[in-house]
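The following pair of complexes shares a single chain, subunit A, combined with subunit B in the former and subunit C in the latter.
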Partner chain A sequence: MTNAELVELFAEALEIEASAIQPEKEIAEYKEWNSLAWLTIMALLDERYNIQLSAADFRSFVTVQDVIDNITSKASAA
Partner chain B sequence: MSANITALSCYLPERKVSNQELQAENPTWDMEHIGQKTGILCRRTAAENETAADMAFSAAERLFDTASVKREEIDYLLFCTQSPDYALPASACILQDRLQLSVNCGAIDFNQGCSGYIYGLQLANALVCSGTARNVLLLTGETYSKYINCRDRSVRTLFGDAATATVISGSKPGARIITTEVGTDGSGSSNLIVPVGGARQRFSATPLPELCDENGSIRSAANLFMNGQELFTFTLKRVPALIDRLLTKTGLVANDVDLFVFHQANAFMNEYLRKKMHLPREKVPLFMSDIGNTVSNTIPLTLSSIAPQLLPGNKVVLVGFGVGYSWGAGLLEWADVEVSPAV
Partner chain C sequence: MYNPLDLSGKLVLVTGASSGIGRATAVVLSRLGARLVLAGRRADALQETLAATENPANHLCSTFDLANLDDIPKWIAEVVNLAGAPLDGTVHCAGVTSFLPLRVVSSGNIDSIMVPNLHAALMLLRGVSARNAVPAAGASVVFISSAAALMASPGLSTYSASKAALGAVARCAAKELAAKRVRVNCIAPGYVKTPMLDQAANAFVDFDRIEKAQFLGFIDPDEIGTMAAYLLSSAARSITGSQFVMDGGFTL
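And then the complex of A and B:
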């Protein structure tokens, strides 16, 4: 998977354009952000990449880039 | 010896709480978006003075009014609730009296939520097949609304109240309980919980503080708390494996099953589970848009809504999962059941 694919996935979960995703922006600052968006991200990651995020993972995420880094490291470890 | 479901009836409380009403009450909630995701547009809630046992009583009375089973034939009452009338005695004892069941009737409450109907069928099956009871009345009744803080978006938008009544009999024909499977992982207990009010943390005279979480939902420790992400992860981990286990045990494959009745958590979760297991949409009904997630009542409510379309011999898989964590599945071979759906 590429960074662009993950940004696309993030945008899909937030129901916004991929171009509106800024990797260094804090997740909580997106006005579309809510707990349902999290669930959508979890579902899409599971469906497309068979990756499951833990609650501990979620607590450590501040920016979109944090999520991408975590997923990329999980994918390369698998 | 087999145990068969012979009759099923449902009860929904009168009060409707629509998404429009929640939107008007909570201007910051995006109810249109939430409704699209959850598939829930309205939920029913019990009246202030109406309890889970009251609603279960109504469901049972409706059953005795409409089905051929007589109340004097019931020799065991199982009541599944997490909202009992009292810490003690068991609500089932009070219901035995209110329903005028035999004094030789066993009566117990059991505390389960979304897996509760499967547990009820499993226990009823064991009671009947062991010769302990002939006709078991299984009641489910739940009023999470009484635990929910009205400003907690995460749960208020999902849950509704309801009750159901089912008769499981060894001597009469009906939908046969072929087998059941259950499982438990108590390490997830804190992810769906009402922390205060039991013996561990008792109610105190001073009101508990209401705190706002990072999503803007407000609740006290005496309110229902749900960690939706953890519940979602748990479900993805356990439910497909549970269904595999049930099917393997019975020598069936998913294609042999005519209908899957899942616990109606929310449309997002249920549709995700369905797709993950590659099940066709027409075999996995959703029945929550007007009533919400009614915990232990979702499976019998969904079953009652779809019963007219079922044919004798159809294989029906029931699947419950949630609070505990607790999960369970059962396989039925359908036959004529006297069904009185909710109104």
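And then the complex of A and C:
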């Protein structure tokens, strides 16, 4: 999967435009990035890529790029 | 010694016996003297459950995927044939949980929850209430529902619906199957210490909030098994179409 596809996925989950998602920004800067958005991201990751995020993963995320890196490394490990 | 939960001589089918509530229920029922048919998708996991039961030589394992809905009645007939006796009880513990926010529901992922949780329950009722499957003295069916059926949890509308529906099924089936003396009841647990809870731990669930709300603490799965035993026993012969909430206080 590409970074652009992941950004699209996040945008879909947050219900905002993909252009509004900047990888260098902190997740905390997005008011839409709440627990429901996370649940949506997890449902989409599971459904589309068979990828799961753990509690330890969540604790490690600060920026959007952190999430992208985590997911892409899981995808290439699979 | 007087034991109102004595299940000696009763043949009971437990679905979802591979793990969690199903496994714990099977162990409890075996300790109370029931003869079991342990059902699940994974033969190796069923063997582990069997090894944990009392009198393992007394029980049978049957590998079956409840997603094969239309095959369920035939499978039940085969189970009765294999066991050489009709089923005195059934505990349907098989089920899945999944957060499915409304913004991503699809027919596929709705079915992935509804099929094992609700559709299979209906097909099981058809199978276990068939003429040759029910003893003359009647039978008891127990569905494992969920306290989610009574709550308002964002992201859990499909799962909660599947479990709430079991309450409606139990009420209707209790009347429909009364002539055959088949009782149908639900247990609605809160958060139970099982692999399914570990799965939820990965799904951004706020455990501090849960521990505060479920003020009697996380539930041991054998507590659910003991309630199932009660509902299967003759001590519960006047109970049908009911729902028993075991939620550690969560829904209060």
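Criterion: the second predicted complex is superposed on the first by the 78 of 78 C-alpha atoms of A that agree within 3 Å, B and C clash if a C-alpha of one lies under 4 Å from a C-alpha of the other, contacts with A are read in each partner's own complex, and residues count from 1 in each chain.
Convention: a residue touches a chain if its C-beta (ideal position, glycine included) is under 8 Å from a C-beta of that chain, and two chains touch if they have at least 3 such contacts.
Predicted, not measured: the structure shown is a model, and the values here were computed from it.
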{"item": "First (subunit B), second (subunit C), both or neither touched by A:42", "value": "both"}
{"item": "First (subunit B), second (subunit C), both or neither touched by A:30", "value": "neither"}
{"item": "Which superposed partner A:13 touches (first subunit B, second subunit C, both, neither)", "value": "second"}
{"item": "Subunit B versus subunit C as contact partner of A:54, first or second or both or neither", "value": "both"}
{"item": "Touching both subunit B and subunit C, residues of subunit A", "value": "35-36, 38-40, 42-43, 47, 52-55, 58"}
{"item": "Partner subunit C, residues of subunit A touching it in the complex", "value": "12-13, 15, 35-36, 38-40, 42-44, 47, 52-55, 58"}
{"item": "Subunit A residues touching subunit B - in the complex, by the definition given at the top", "value": "28, 34-36, 38-40, 42-43, 46-47, 52-55, 58"}
{"item": "Complex contacts: residues of subunit C adjacent to subunit A", "value": "98-101, 103-104, 109, 154-155, 201-204, 206"}
{"item": "Subunit B residues within the subunit A interface of the complex", "value": "30, 33-34, 37, 154, 214-215, 227-230, 232-233, 236-237, 268-269, 272, 275-276"}
